[in-house]
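Going in written order, the chains are labelled A, B and C, and every chain counts its residues from 1.
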Amino acid sequence: PSLTSSSGEGPAAHRSLPESEDVVVTSKDSITVITLNRPAKKNAITYQMYQDITLALKAASKDNSTITVFTGNGNYYSSGNDLSNFSNRSGSLQQMYAESALTLRNFVDSFIDFPKPLVALVNGPAVGIAVTVLGLFDAVYASDRATFHTPFSSLGITPEGCSSYTFPKIMGPAKAAEMLIFGKKITAREACAQGLVTEVFPHNTFQKEAWARLTAYAKNPPKAMRIGKQLLRSFGKETLHAVNAEECRVLQERWLSEECVNAIQTFFSKKGKL
Amino acid sequence: PSLTSSSGEGPAAHRSLPESEDVVVTSKDSITVITLNRPAKKNAITYQMYQDITLALKAASKDNSTITVFTGNGNYYSSGNDLSNFSNRSGSLQQMYAESALTLRNFVDSFIDFPKPLVALVNGPAVGIAVTVLGLFDAVYASDRATFHTPFSSLGITPEGCSSYTFPKIMGPAKAAEMLIFGKKITAREACAQGLVTEVFPHNTFQKEAWARLTAYAKNPPKAMRIGKQLLRSFGKETLHAVNAEECRVLQERWLSEECVNAIQTFFSKKGKL
Amino acid sequence: PSLTSSSGEGPAAHRSLPESEDVVVTSKDSITVITLNRPAKKNAITYQMYQDITLALKAASKDNSTITVFTGNGNYYSSGNDLSNFSNRSGSLQQMYAESALTLRNFVDSFIDFPKPLVALVNGPAVGIAVTVLGLFDAVYASDRATFHTPFSSLGITPEGCSSYTFPKIMGPAKAAEMLIFGKKITAREACAQGLVTEVFPHNTFQKEAWARLTAYAKNPPKAMRIGKQLLRSFGKETLHAVNAEECRVLQERWLSEECVNAIQTFFSKKGKL
């Protein structure tokens, strides 16, 4: 298994990541595809997957692809952070949360710094961190079955993925706060009207229509697209890194708060009863 | 009458402000409600009311409520600045306008710095300063009878409430300038499409639907909501204060300008004739 | 021919620019109108026209008009940069592109610094630079026959007109990048939903409705409108100038790139065959 360039490999070559099959990287028509592949768990993102995705983005930034695509396998795009990340690990709580904050920060930084056009195919419901980083994508195509939900407050936590900065910019503070602070779940059409999503397609034709567009776009001169994307991001990148650092700092404190501890205990006790 | 925390008081306890009944503060289900209560004058904001609202916001920032709500009593949300503020006071014009600019600046600063989720229930038409500060709220629910009107230029004056900065960010410069420079009045649905309003409800069910949502949201862990809101505002607060200071400085000059003096004279002479 | 104030001239006085009839300046009801007048070439902008428009904006900033309007004569608003700009001139390529970058930078600066309300009447399709500078206007009224197309990447080039900064602010990065990086052409209604366009009118009534609005707006006190507009632009002007400089720097490099040279050769060889 390797993360090197796909040159020499056939189309749609499958490249597993070193540690697991939960994140799969394929390549086709000058497009690198990073797929969350944990459908039985609604593509919830484990601690390992954060690291795998960070590595996959670093590899894609250097391979010979023109566009990089992010999507999920199965009915969900991603249910977000796997809360078992906080119950399955060893060491002190302080140490675990410090590591988690650093891993999250590196993960988000790899989106901020990604140098080529980055497109999300949101094939179904998206939750938490899977929603918030969408503000760092260059295009977001959504199935009409997709929903966008960031229930941070009810878990005692706060927004990440630079959403505290990107969402108010994209949709205005009055719509951003309803999502990020009050936890309102919105539909794909609402997310599109608010600028978070580029376009919505009927679920039946979603893959076909989105891929028709992607393969057409991938034929553009690659350097012009890469340099153009960097231009769009240039006057704001430092702020994004500062926002990411601050969000992770606040979140690390939140994870230790009574509100968060109680919310997560409630979550697992409910799960245990089912 | 006091502005202290509502702890110990019953639900919906009525707390009048020291100087008048024109601004009323109540408390219910962990929600503090600040109501403009001058329906016979379309809730036009007097010099005293600016100060009362500033105090009410400072008190609400320290009470044990989770969310603070702003609304109007009667058919109007608020017709904005009461122009009699500029005819009923003593001292030199220069002194009066210097005081007015300072009062306005403190008023807007209290919105910028408000530390908890702040929600507007726009129950009817909103004009001028009542519209512009909406860009500083975390959610804005509107009756479909609400309209949004900022006729600054026709009065010879310029935008305040940080709208010269927040409105272009929220709706783009081409829609913001039509409102703020050309004085276009927009409907609740237009304001919602442009991101100034979070959601519009039919007038008949407005209170019921908005309050159902508010009482649900108020049950979220309060610290997570407060810290989350502060995160959303953190990378922009200094700019907002600078914008507010600049807007008030420009406005103080405008009030003394021939354009403004003529417009206000015309306003009162028309009123006198009716 | 002169660019001085229209005072003393009759309504709709026609003022040709020094060098050509391709840019025409007229004056009516306190409104200065700058018209792209090269309908046989879809109002493509020649090297000379960039300079004429820059001069026309400087003149309009000092004349006694209240509002300045930009529009196109014929079926097109403007097909953007005339690519023959890069084939018809003498000197080394390096020199030509350095001059072109400087001319473009001055052209865009004159929009950034324009001190009065600036309104575009987009009477038909708009392409490239004619689209990108719209982010610097205070109102954009569009015929429903207008379209908005920025096919930069396919030509091997990158965005200008400050669009790399203004478009993500106006419509969010996911819609901005689809236009600016992937070259998606959008309709007037889409551009309006995304905040680039203020309002869309049916083509048959476009001129009538837009002009009814403009003549009404032009009756507002002019200083209040001018100072109000400057307030809206004040906290961002330095960034816009920096963005413009960077976009022109990148573009100057791009024009010499293999991707761009090939794309322009293909363009002209296709044209030759038709």
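Points to keep in mind about this one:
Please note the rule applied: a residue touches a chain if its C-beta (ideal position, glycine included) is under 8 Å from a C-beta of that chain, and two chains touch if they have at least 3 such contacts.
As the structure is a computational prediction, the values presented were derived from the model and not from experiment.
In this entry, chain A maps onto chain C through a rotation of 120 degrees when their C-alpha atoms are superposed, rounded to the nearest 5. Under half of the residue numbers at the chain B-chain C interface are used by both copies of the sequence. Centre-to-centre separation of chain B and chain C, using mean CA positions: 37 Å.
Of all residues in chain A, those that touch two or more other chains are 169, 171, 193-194.
Those residues of chain B whose C-beta lies close enough to touch chain A in the complex are 117, 134-140, 166, 169-171, 193-199, 213, 217, 220-221, 223-225, 227-229, 231-232, 234-235. Every residue of chain C that touches chain A in the complex is listed here, in rising order: 152-159, 164-165, 167-169, 171-178, 180-183, 193-194, 239, 242-243, 246-247, 250, 254, 257, 259-260, 263.
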